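Provided herewith is a single structure, encoded as structure tokens, for subsequent inquiry.
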Amino acid sequence: MTQMTFHDAVDQALHEEMARDSRVLMFGEGTATKRKGLLKSFGSARVRNTPLAEGIIAGTAAGAAATGLRPVVDLLFAPFLCFAMDELVNSAGKLRYMSGGQFSFPMVALAMTGGGWSVGAQHNHNLEAWFVHAPGLKVVMPSTPADAKGLMKAAIRDENPVLFFVDIGLAFTPGEVPEGEATIPLGQAAVRREGTGVTLISYAKTVHTCLAAAETLAEQGVSAEVIDLRTLKPLDEATILASVRKTGRAVIVHEASRLCGVGAEVAALISEQAFEALRAPIVRLTGPDAPAPASYPLEQAFAPQAAGIVAAAKDLVTRTLEAAPIW
Amino acid sequence: MTQMTFHDAVDQALHEEMARDSRVLMFGEGTATKRKGLLKSFGSARVRNTPLAEGIIAGTAAGAAATGLRPVVDLLFAPFLCFAMDELVNSAGKLRYMSGGQFSFPMVALAMTGGGWSVGAQHNHNLEAWFVHAPGLKVVMPSTPADAKGLMKAAIRDENPVLFFVDIGLAFTPGEVPEGEATIPLGQAAVRREGTGVTLISYAKTVHTCLAAAETLAEQGVSAEVIDLRTLKPLDEATILASVRKTGRAVIVHEASRLCGVGAEVAALISEQAFEALRAPIVRLTGPDAPAPASYPLEQAFAPQAAGIVAAAKDLVTRTLEAAPIW
Amino acid sequence: MTPSGTVSTRLDLLAAMLRIRAYEEKIVAFHAAGPFPNVCTSVGQEAAAVGVVSALRAEDQILTNHRSAGHLLARGADPGRMLAEVMGRSTGYCQGRSGTLHISVKELGVVLTSTIVGGELSLAPGVALSRAMLGGEGIVVCFFGDGAACEGIFHESLNLASVWNLPVLYVCENNQWQAFVHRKETMVGDHVAPWAAPYGIDSLTVDGNDVESVRKAALHAAAQVRETRRPFLLEAWTYRQRGHMEPHDQSYVDPAELEAWMAKDPIARLEARLLADGECTTAELETLHAEARRAIEEAAGFASASPYPDPSDLATGVYA
Amino acid sequence: MTPSGTVSTRLDLLAAMLRIRAYEEKIVAFHAAGPFPNVCTSVGQEAAAVGVVSALRAEDQILTNHRSAGHLLARGADPGRMLAEVMGRSTGYCQGRSGTLHISVKELGVVLTSTIVGGELSLAPGVALSRAMLGGEGIVVCFFGDGAACEGIFHESLNLASVWNLPVLYVCENNQWQAFVHRKETMVGDHVAPWAAPYGIDSLTVDGNDVESVRKAALHAAAQVRETRRPFLLEAWTYRQRGHMEPHDQSYVDPAELEAWMAKDPIARLEARLLADGECTTAELETLHAEARRAIEEAAGFASASPYPDPSDLATGVYA
């Protein structure tokens, strides 16, 4: 185990995978300038700066992935993906299926998002749900440096295009990272804390908010299980359902806006597959239907808070006791 | 009442609104060529062809909307919106909030989508959920010519950017359209059929599939209520919740892919707000997590079928009777 | 079949063009006979397709778009499997999942066909990057329209290909139309070739209705790309003889423009030249026409007899 | 305040540049003092901002980007409300919701500021379309960077502005850097001005560190746009004296390049000229500096004393 930041853990994964497989290369606006270590180790053919043009960065990755390379591209901040949607969604996501399986697209697109830097809504927009909705793509959004490394390694080895989101609020937070392989398969959630009374389901930064809430809940006699989704697509439905079947209650938490977010998908899944086990309404605590504000206090208020999670969880427990079955 | 196609109803709405308000103008790839009637009535300054460049079409609409005009832009097919995401989402959707309310964006972006023409996944991709997820935008997707006209008129008069999706499968189907105003407010669902045993919730083409299913269900002794959402954002939560509180069962149906789709949002809403009334799991019948295939039989199979809706609704009714409350 | 690289005589060029024309005419006939998927035909643009593709080598790769039949057939694609794809049959090159608009044939090096206008431009540099980094002599040919040149991705693609020294031969088929809009409404100049200059990319405009000129220009351009490992832009000045797609509509086309271009039909021009030069007789031409039609009839028979894919296969193969 | 249109003497131009420099230096000082939002300063580019904005009229509109302080201050924006915005206070021009990267001041005609590189280019034609259709003499000035010129939307924006005859004065501040990448890595030529030619748009490159040259060129360019109602591209050749953003980092910058450009500092150049021409004394210059600093200190006091917005306001005003 070594202590390193989330950002450095991603960098280490890149380093290891580029050393392992000469087809892996990385490019983006400032990649060669900012990732000096990679540049030094792997040279300017495999670590490249690009012109400022997200569309062609993503398109070049897709074209290269389909013909033998395994590109990782840094698209910087999630809202800039708006300039690369055609290449990611219409090309990388669809052309395998549309060609009857003639091509595959082993590529990773990296982007930061989330509150913490007061950069405003054109740098901070949690739009991971878009890529969950679009076919042919996988989506990863880790909450710890160890997962960041393990999932980045798995993403690079995957034969499909993977969107890899880094939560700004976590990027420079240190954590334990195991040495060596420690690859984490895509599609496996982690149970961060076991509990029996309510399941808190989240990903990225708000996993930590959930863990803090669970601590408080424990003090108040409520046993909360905390699930970190880690991969948003494929979603680890089994882990979610098993937990809710045990606790009978779910609170879903994320910073992304509410409507048609990942929380909606998780709630819909539970309400269809674990309905009989549900003892209370499914609650979502999410960012509002608003652009992310720059102003620090507003930005902080945008993301769900531990106090709100505690209140919601306790409310569910109370309502269960009071409510009478209607049939 | 006059009989006209969905397409003609949209055209009539455009005609009436351009006649009513000289700030309304329309442009897009082939707009002036294809909308000869509009061009003749309103001239080449207000009805324009553009270069083939969706980004600048949408950006120009946003810039014009913020400074006094009320543009309608035709972006042709929904997947082409991928080239206009920055302008629609980062500019039109966010710059009002981000500027502290200095600007508003009264504009409409039109696009077709859905199965029926065997055009494949780069012309047919139901991505309306993306725009429901993004802040600052409204989203309309009608199921009848009358609604198409009434909602287009409301969309043009709205002070916010509105995405207006036309289901390809409906575009050339005729229907009754009332003369004159008949504006339909954004945000109002329609109860297309009243019922007591199960609520079928849908929008666009699959509303008609639900109505067919309701007919069959009635023959088999199940009374189905059919809700046509019409506007996906703002969502008419009250109508949805009132119906499910009455029937206790919900089947949500759309052609768009399942994960993080509008159906997920509706299911999540019900599972939080109408939980106590629910007598059975909430079921979604949607397109699969796959690009839309071109081949006609596959394309038809992509969208939910009436038989599947009937089976799902009957299953819910049966399961309710069998299931014992768990507490 | 006309395997790429073996076309070189004027008669070969003619035969290749006739095959394309016969294929597109069969599509038109299918439309006349009843419901059939909308198709963008390349009637009138056969010389651009055959002239360029005949100048390529087996190891080269091609990206194309919605108007791809000429490129595919010139490269040796089986018209039966193409028609089957158009008709959504399981024997199609993409198992019927693509339909007409995005037929890829990887085994022939026709990769990542996209109907997103500009899609080919966005993908070509990456394909060329693979060539550059994984070795091999091949170059990448990217066919696109004058309309696609108006998309922002044109700018990004050419700029990147230039600063990264990628071996892409960009081929713009300037057919005067961009769906329902004339290019005069969308660009100030007539030509796309000069748009290469800002990126330091050499370019050339060629009479796209003269297959021999196109072939010569393409051989020159391809040789330059091969040698310099840098991009080049070749513009073929040509014309879309039919409507944007079948079913056919040209109500918005200036009849004088159409007439002038019909007089420059690439097939008629080559035939006239062959006859004038005494390289063949009218009867021999008739035989070539008949042979092209026969091959396409056979292909149509194969496609029509092919089964549809099984709907239970709908959502398979999305992920690798 | 320096209301637009009233700046015309050399001393006015100097005062306007000093105000910007003092503002940016205050930002740097805030950073040195402790945590502060990241800011992209325009130190070194004051002549481009002042030279262009001084050539505009009150009815003209401006679009700008992440590096906007110079444009805003030259247009007469209140540095107090700007700093308040940077600091996320409710008295900021955008109620703290924008922060530093996208400050719009509609009352001064600075509209739709966007930090999406290329955002300004995507919006400018629409603003100009409103001008063209709703009447009025105003023109639209669109400031953007050399990096933004590499985005596809540059191509789409200039092409549309040209074919639609829109009165947009495009002003590219070519400051040699695109965040952490030198423009030499992203374009084959040194200049952006020649990129206007394919669209039939006239262009001019001006020494962007000479405020008088910039003003003269901008007066010429604006007059042409006013008269022809057609776009024009003016390139200001200048330099970003500090890192891409505060906190400052120039570890990746060639020291020789930096040094050469520091010697061309636009403020020092104008001051030297004024002194040489005997238009002012060293003491008078000192007074101008002091006045600029004083005004900014006052602004900083206002901003620091301003309240944060109420978190309960978080999701209001999203929809009109």
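Each chain carries a letter (A, B, C and D) given by its place in the written order, and its residues are counted from 1.
Simple rule for what comes next: a contact is a pair of C-beta atoms (placed from the backbone, for glycine too) under 8 Å apart; a residue touches a chain by one contact, two chains touch by 3 or more.
Predicted, not measured: the structure shown is a model, and the values here were computed from it.
Novice: Name the chain whose C-alpha centroid is most distant from the C-alpha centroid of subunit D.
Specialist: Relative to subunit D, the chain whose C-alpha centre sits farthest away is C.
Novice: Please work out the Cα centroid separation of subunit B and subunit C, and write it as a whole number of Å.
Specialist: Using C-alpha averages as centres, the distance is 36 Å.
Novice: So, what's the distance in Å between the C-alpha centres of subunit B and subunit A?
Specialist: Their C-alpha centroids are separated by 28 Å.
Novice: Report the inter-chain centroid distance for subunit B and subunit D in whole angstrom, where each centroid is the mean of the CA atoms.
Specialist: 41
Novice: Using the touch rule from the top of the page, what residues of subunit A touch 2 or more other chains?
Specialist: Answer for subunit A, listing residues that touch two or more other chains: 50-51, 53, 55-56, 79, 82-83, 86, 90, 97-98, 120, 122, 135-136, 288-291, 293-294.
Novice: Touching two or more other chains, which residues of subunit C qualify?
Specialist: 95-98, 102, 114, 116, 118-119, 150-153, 155-156, 159, 163, 185-187, 318
Novice: Once you draw an edge for every pair of touching chains, what topology comes out, line, ring, star, complete or other?
Specialist: complete
Novice: In their shared complex, at which residues does subunit D touch subunit C?
Specialist: 150-156, 159, 162-163, 185-189, 194-195, 197-200
Novice: For the complex, which residues does subunit B have touching subunit C?
Specialist: Residue positions touching the partner: 29-30, 33-34, 49-56, 79-80, 82-83, 117-120, 122-123, 288-291, 293-298, 300-302.
Novice: Where on subunit D does subunit B make contact in their complex?
Specialist: My answer: residues 61, 92-98, 102, 104, 106, 111-114, 116, 118-119, 121-131, 133-134, 152-153, 155-157, 159-160, 163-164, 317-320.
Novice: Could you list, by residue number, the parts of subunit D that touch subunit A in their complex?
Specialist: Residues 37-38, 88-90, 95-102, 114-119, 147-148, 150-153, 178-181, 185-187, 252, 308-309, 311, 313-315, 318.
Novice: Give every residue of subunit A touching subunit C within the complex, in rising order.
Specialist: Interface residues on the subunit A side: 23, 25, 45, 48, 50-51, 53, 55-56, 58-69, 71, 86-87, 90-91, 95-106, 135-136, 138, 159-160.
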